[in-house]
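One structure below.
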Amino acid sequence: MNMIQTIDLTKRFGDFTANDHISLAVKEQEIKCIVGENGAGKSTLMNMLYGLLEPTEGKILIREKEVNLKSPTDAIANGIGMVHQHFMLIPSLTVFENILLGAEVKKHKCLIDEKTEIAKIQELIEQYHFELNPMDKIEDISVGSRQRVEILKMLYRNVDILILDEPTAVLTPQEVDELMVSLKNLKKQGKTIVVITHKLREVMELSDSVTVIKHGKVIGNMETKDTNEQELAQMMVGRNVILTVSNNNMVDEQAEIIYKADNISTVNIFGKKVVDNMSFCVRKGEILGIAGVEGNGQSELVKIMSGLMETTEGTISFHGENITNIWPKEIRNKGIGIIPEDRYAQGLCKEMSLGDNIIAGYHSRKDVCKRGILQRKAINSKRDKGIKDFDIRVGDINGAVAALSGGNAQKIIVSRELTANPDMLIACQPTRGVDIGSIEAIHKHLLDYAKKGNAVVLISSELSEIMSLSDRVIVMCKGKITGEIEPRDTNMMKVGLLMAGIHEEERNE
Amino acid sequence: GGQASNAGGTTEGSTKENASDAKIAVVCDAAGQNDNGYNQSAAKGAELCAEKYGIETKVVEPTQSIGDTLSQLAEDGYNLIFSMEYDFDALINGEAGGKPIAEMYPDTTFVVFNATPNVDETGKTIHDNVISVLYNVNESSYLAGALSVLVNENQDVLFGDAYKLTKPDTARGLGFIGGSDSDGITVFSVGYIEGAQKMAQELGVNYDFYAKYDAGFSDSATGSTVAGTYYDQGANVVYACAGAVGDGVTSKAKEVGKLAIQVDANKDDQQPGFVLTSVIKNTEVVVQSMTEALIDGKLGDFDRITTYDLGSGSTTITDLATISQHIEQTDAAKAKWQEIKDKVAQLQSDIADGKIKVTNTQNGDTFDPSTCPNISIK
Amino acid sequence: MNSTMSSKIIKIMNCILPVLMAFFVGGIVIAAIGENPFEVYWILISKALLSMTGFQNTLHYAGPMILTGLAIAITFKANIYNMGMEGSLLAGGFVAGILGAQLAGIPAIPLKFICLAAAAIFGMVYALISALLKVKFRANEMVITMMMNYALAKVLEYLATTVFRDAGNGYVCTPIVGDNAMFARIFSKSRLTLFFGIVILILVIMFVVMKKSRLGYEVTAMGKNFEFAEATGMHVGKTIIKIMLISGALAGIAGGGWMLEDQYRYTLTFSANPGLGWDGMLIALLGSHDPIGILIAAIFYAALKTGADSINMYANVPKEIISLIQALIVLFLAVKFIHEKFSFRRSAKKVKEA
Amino acid sequence: MLDSILYDCIYHSAPIILCVLGGCFAYKANVLNIALEGMMLNGAFVSVLTYFLTGNMLITVSLTLLSALIYGFVFSYFGITLKGNVIVIGLALNMVASAIAGFVLVLMNSANIIIPNFDLNALKIHIPLIENIPVIGHMISGHPIITYLSFAMILLMYILMYKTKFGVYVRVVGENEEAAKSIGIKTSFYKYAAVLIGAIGCALAGMNLSLERLGLFTNNMTASRGFIAIAAIYCGQGKPVQSAIYAILFGLARSLSVNLSIFAGNAAGLFDCIPYLVMMVVLSMASYIKHKPIKERGYKVNE
């Protein structure tokens, strides 16, 4: 039986067609992956299936019956649940409150029965073997846990079709593995699952069938076993893609140290030391990777390095000059470029134009700002150059960043930071949620940049990314450095142990 | 809603024989024409004139510029304009290098209240077509002060169970609440203090005097709690000169069973029995008599500074009719009450005769607290 | 969502409908008290906009509101809820009034300059206090500025009744400013003065600041996303102080100008009710924090105010009814009027509505 | 003196608490209700007018609440359904409330509405036993019912906001509207409801201020209490208990300034600043202490 079937489903936003006569079918108890470039129309399609968007044309069939989904409530009633690309959770509420939102258990007619609620959720968590504490607040738990909350939210509602929009974009490798196990379990329990992802490895490992979408149209539909990563990549991007670029330049071990962190520490709101006495240095021309399980202080470390957080102890020097706790603007002025962790929170302003975004952080420099007045012409030519040099695909050149796909938005940041020609670049999660074509491009830019004798600090939860790009990797756990490795002669196993905080020496004991 | 529109502007009476081309206007101050006070009284005067003489009258409530309103009215041919507002700069001196309005419209007579802006340093009148009207509210307040002390000292005889007055042997106090700390307000309080001093001295007692001069004119609840504090301190009478704030004071008086004094119009039955009296400032008569003079061509007879004192009846305290009904109906009380009223009447005539002189801060007198040793000002 | 054609129609309707609706509802009220609404509206329009003198007066009243509108706009646009313009305005007005009276001997042009400069400085100092509390103590600026306004009003009342009281006057006021400090009227009949020229000059400067300058860029960015602004080195704390200072200066000048061109002395009703600062807030919001929008909104609102006095004078409509109509117009306008039309380069696609 | 300071503290706090408690919900639903002032004035006005005309308390309360709901609906319709700018709408409604009251007073040709023969003392509740405790008795006993209600409501509103589905939904809608929609919560409904609760709170506040305490109405008698309430809500970040504490703090400061200014001599005029300064200082200190340990740079909207 086809659990979901769409017939000529079309969605237009004004003159723009995001989904163009999409017809596809998802069979009962299968895992279907949907792949495609950023902006191909995947989320749009799923949003229609979940009742968040109304189709312009076409039909949706659920269990072979035509349905008219007006709202998520209708979708849930039809047994469809969705985990969004951007989490739909309430940070100030607890895990159990979030899961039960909209389905509260009540006592005395109006009061919420917290005890029963907690018990119920505990049971649910155990049933699906998830690792969660129902009493934790969402704002205090890791991204992976949040994802599990989202899934439980749907499972609690007894949906038998589960849609996940880029569930792995923000997960650590371990979490990805756990998620895949969970999804396969769910499938065994009879659920039908649709997953959107950019990671072809996951597609191959997880799915029963794949659909490729490009420019809003279905361009391929096949059984997973009949295809391979390379073929999928080619279909999506329309050309041959190098799936893993590798760093093959050799860094002089005696090269000048340009960036040095000495015993830096900081605390979070609760006074907990989240960066604990870290020391490291970066040499000219090298790519230093920083690996670690998310939530072990990398974010805070990047914040310190990019001037968004203050240290409690320690010093940072750049070219021998003390730059501890200086502000982001000064950091950029010293010659350090920053690709921030959260593209839409710190790197770009969605509602501002491309031009305004391409000068952000460098808007005081003489080439775009004379006597306090911004030079529109100069900004526009800078923008046009960036778009050309970095092959950024934009619709309306005067439009806002919000209209760009994730990959292209990220390229705006890369172009901005690299054009300023810094001596060092802090690149944090540079390819998160970006499609493979763009990943390839961004990786190439980083390597070229380092090759010119510049330094890069690369922080990523994508271990393969770190391992393939870095010259040297330091591993963090609980705010401390647990080890330093040479990626070329280290196996993943060792890295994994270091990330878990187990030192080699300890293991040998 | 006919009532409102009527009050809002022109009222044309039926043509009478003695109708002339007189046109009069009343320009209200911020309190507006339904202030239960002196704007309303002036508007009433205008209305009566319209009925009586069939002339065109207008009541205006400007929100922006008083000067523009005055010149616009003069321009439109109003030949007698009463300005209730305190702002005289445009009229007398001219604004921003412009000519004074009084000078620009010599055929229009402007009547201003409560101040004498129309004299230069030597005391000479500046514009002949401006009449200042003053009320000796200091004198009527004097009576109120004297009455307050007399009533308080005789509370045992006068008042029954409905009242919960502080006994004089516990504490003696008087309260005053003013909207702003200005001569226009202190003129009331100083007269009141002097009146109280007079009786306190005669009776050989001492009073505490509590005052707040910046209560504003709109927050009745603050009026109520401030009065509450004064009553708690032992004051049995609180005199309010603060617009709507005073309404809160009378309400509090009733709540705690004590007494309040109101101002401007006769507000004795606002909280019958708990408003001891009101210090009246009647503008109706002024409007009427000046309009009559205008029609008769006798406006020139008025002094350029026309003062209405106690004798004129335009400012005084009420006839105490309302409170009288709440005095105990025993013979002793009646006799005492009569005695008090006589005493007040005596003071009134003493003032009228010039035997008693009351400080008038509005005329530039300064008040010297040491002249009132029996009243200790807190 | 719909095609472009119908969205255009919607936009046009958005501009006209609110005013028509407000006039319609107001008309019913006017008719209910037995007056002819058309006549009343005709008085409003003809006196406030069509007559030369009336229009000049409208501009005169628009002046300080343009400045307070700009003062609000530059902070609101940056998501800083500064309500301190009323206080800055009072502070500026007060100091201009005192200096204008005390230094009456100084020649006209330097004196005006001194007064306005002092007004600007006092406005800035006042704004700086709340800015510092915001930046150094992280206190909510909306609460702080509101509280400070009330406190300042009381302090000024105290000063006006004690140290700076005009002894000759029966009500609370400071001495009148000297002739040299007063802005002379341009035309004999209307109240319009050269100060309006200063206002326009400032408006032009602010236009450049808000739309062309780096600061304007930073303000826009802050308004959209504080985190982005901080991460890209705009130093939000410093920018908050900068824009609060500008806001304070603008409101201070508004107060100083209002003192020297209209009030000439500080009274307890100097900035009237609800106050030119609050008016400025309304105007900034109606004008979408855009200088041109603010200009139009201020003139429109000033016309309503000038017209109100004319209606009071020439029709039998009490001032409360006029305030009611004013309030209704504002209410209807809240539902997007000037906003869409004059707002500057807004991304056409709005966040999707689920 | 202490007696009256404490009693007045409760007197001044009650209306602000009511506004605050109502306003908290709108705050949490992410709707800035700046019309608290107007809604309170309306409550004061309608209650006194109705009682003046009918003399019936039941009709008075019903009509007052009804009129509050109308204000709430207008605010919500314009602000939520039509998506107007809520600050402008709030300011406009403040003007509307004052204009309507003013107009009716013009019709009545009076500056105030005073209910004749209205016995304020009859409305006061004297709590047996407690009444006789020295200081506390005078402070706690002898207030009218809505004053007690206001304090009781602190707890009720706390429960409503944190322990019921309704409260959770209101907060969810304010915190993440998208998320609320994604699980099928009717966000507009909760925003409307939040605003309406505010309107009711304000109506009670107005009734307390005018009818219960004074038995009279004068225009603009709310004297910016609505704005103080907004300040308290922001200080307490919309949490009912914290915000109410700020309201009480203001009431206490107000009461102190009124009562102590008797001894202030010439500086009495400056005493009225105290409540505002106290709010500023306390808020600044609280914010400072809260933010001091935070090492992260940057600001949040409405911090």
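A, B, C and D are the chain letters, set down in written order, and residue numbers restart from 1 in every chain.
Everything below uses one rule, namely that contacts are C-beta pairs under 8 Å (C-beta built on N, C-alpha and C of every residue); 3 or more make two chains touch, one makes a residue touch a chain.
Keep in mind the model is a prediction, meaning the values are calculated, not measured.
S.K.: Which two chains are joined by the greatest number of C-beta pairs in contact?
M.R.: Chain pair with the maximum contact count: C-D.
S.K.: In whole angstrom, how far does the Cα centroid of subunit C sit from the Cα centroid of subunit D?
M.R.: 28
S.K.: Measuring from the mean C-alpha position of subunit B to the mean C-alpha position of subunit C, what distance in angstrom results?
M.R.: 37
S.K.: Report the inter-centroid distance (CA atoms only) between subunit A and subunit C in whole Å.
M.R.: 46
S.K.: Two-or-more-chain contact residues of subunit B, please, as numbers and ranges.
M.R.: 1, 4, 7, 32, 181, 213-214, in rising order.
S.K.: Enumerate the residues of subunit D that touch no fewer than two other chains.
M.R.: 103, 105-106, 178, 181-182, 269, 272, 297-298
S.K.: Touching two or more other chains, which residues of subunit C qualify?
M.R.: 154, 157-158, 161-162, 227, 230-231, 318-319, 354
S.K.: Are the chains arranged, by touching, as a line, ring, star, complete graph, or other?
M.R.: Contact pattern: none of line, ring, star or complete.
S.K.: Which residues, counting only subunit B, touch subunit D once they are in their complex?
M.R.: Those residues of subunit B that touch subunit D are 1, 3-4, 7, 31-32, 34-37, 40, 181, 210, 212-214, 216, 218-222, 224-226, 228-230, 232-233, 243-244, 247-248, 251-252, 254-255, 270-271, 378.
S.K.: Considering only the defined contacts, which subunit D positions touch subunit C in the complex?
M.R.: Residue list for subunit D touching subunit C: 74, 78-79, 82-89, 91-96, 98-100, 102-103, 105-106, 178, 181-182, 224, 227, 230-231, 234-235, 266, 269-270, 272-273, 276-277, 279-280, 283-285, 287-288, 290-291, 297-303.
S.K.: Where on subunit C does subunit B make contact in their complex?
M.R.: It comes out as residues 32-35, 57, 61, 154, 157-158, 161-162, 168-172, 176, 179, 182-185, 188, 191, 193, 261-262, 264-265, 267-269, 272, 305-306, 308-309, 312-319.
S.K.: Using the touch rule from the top, collect the residues of subunit D that touch subunit A in their complex.
M.R.: Spelled out, the residues of subunit D in touch with subunit A are 159, 163-166, 168, 171-172, 175-176, 178-179, 181-185, 293-298.
S.K.: Which part of subunit B faces subunit C closely enough to touch in the complex?
M.R.: Per the stated touch rule, the residues are 1-2, 4-10, 30, 32, 58, 60-65, 68-69, 72-73, 86-87, 89, 93, 95-98, 114-115, 180-184, 187, 213-214, 362, 364.
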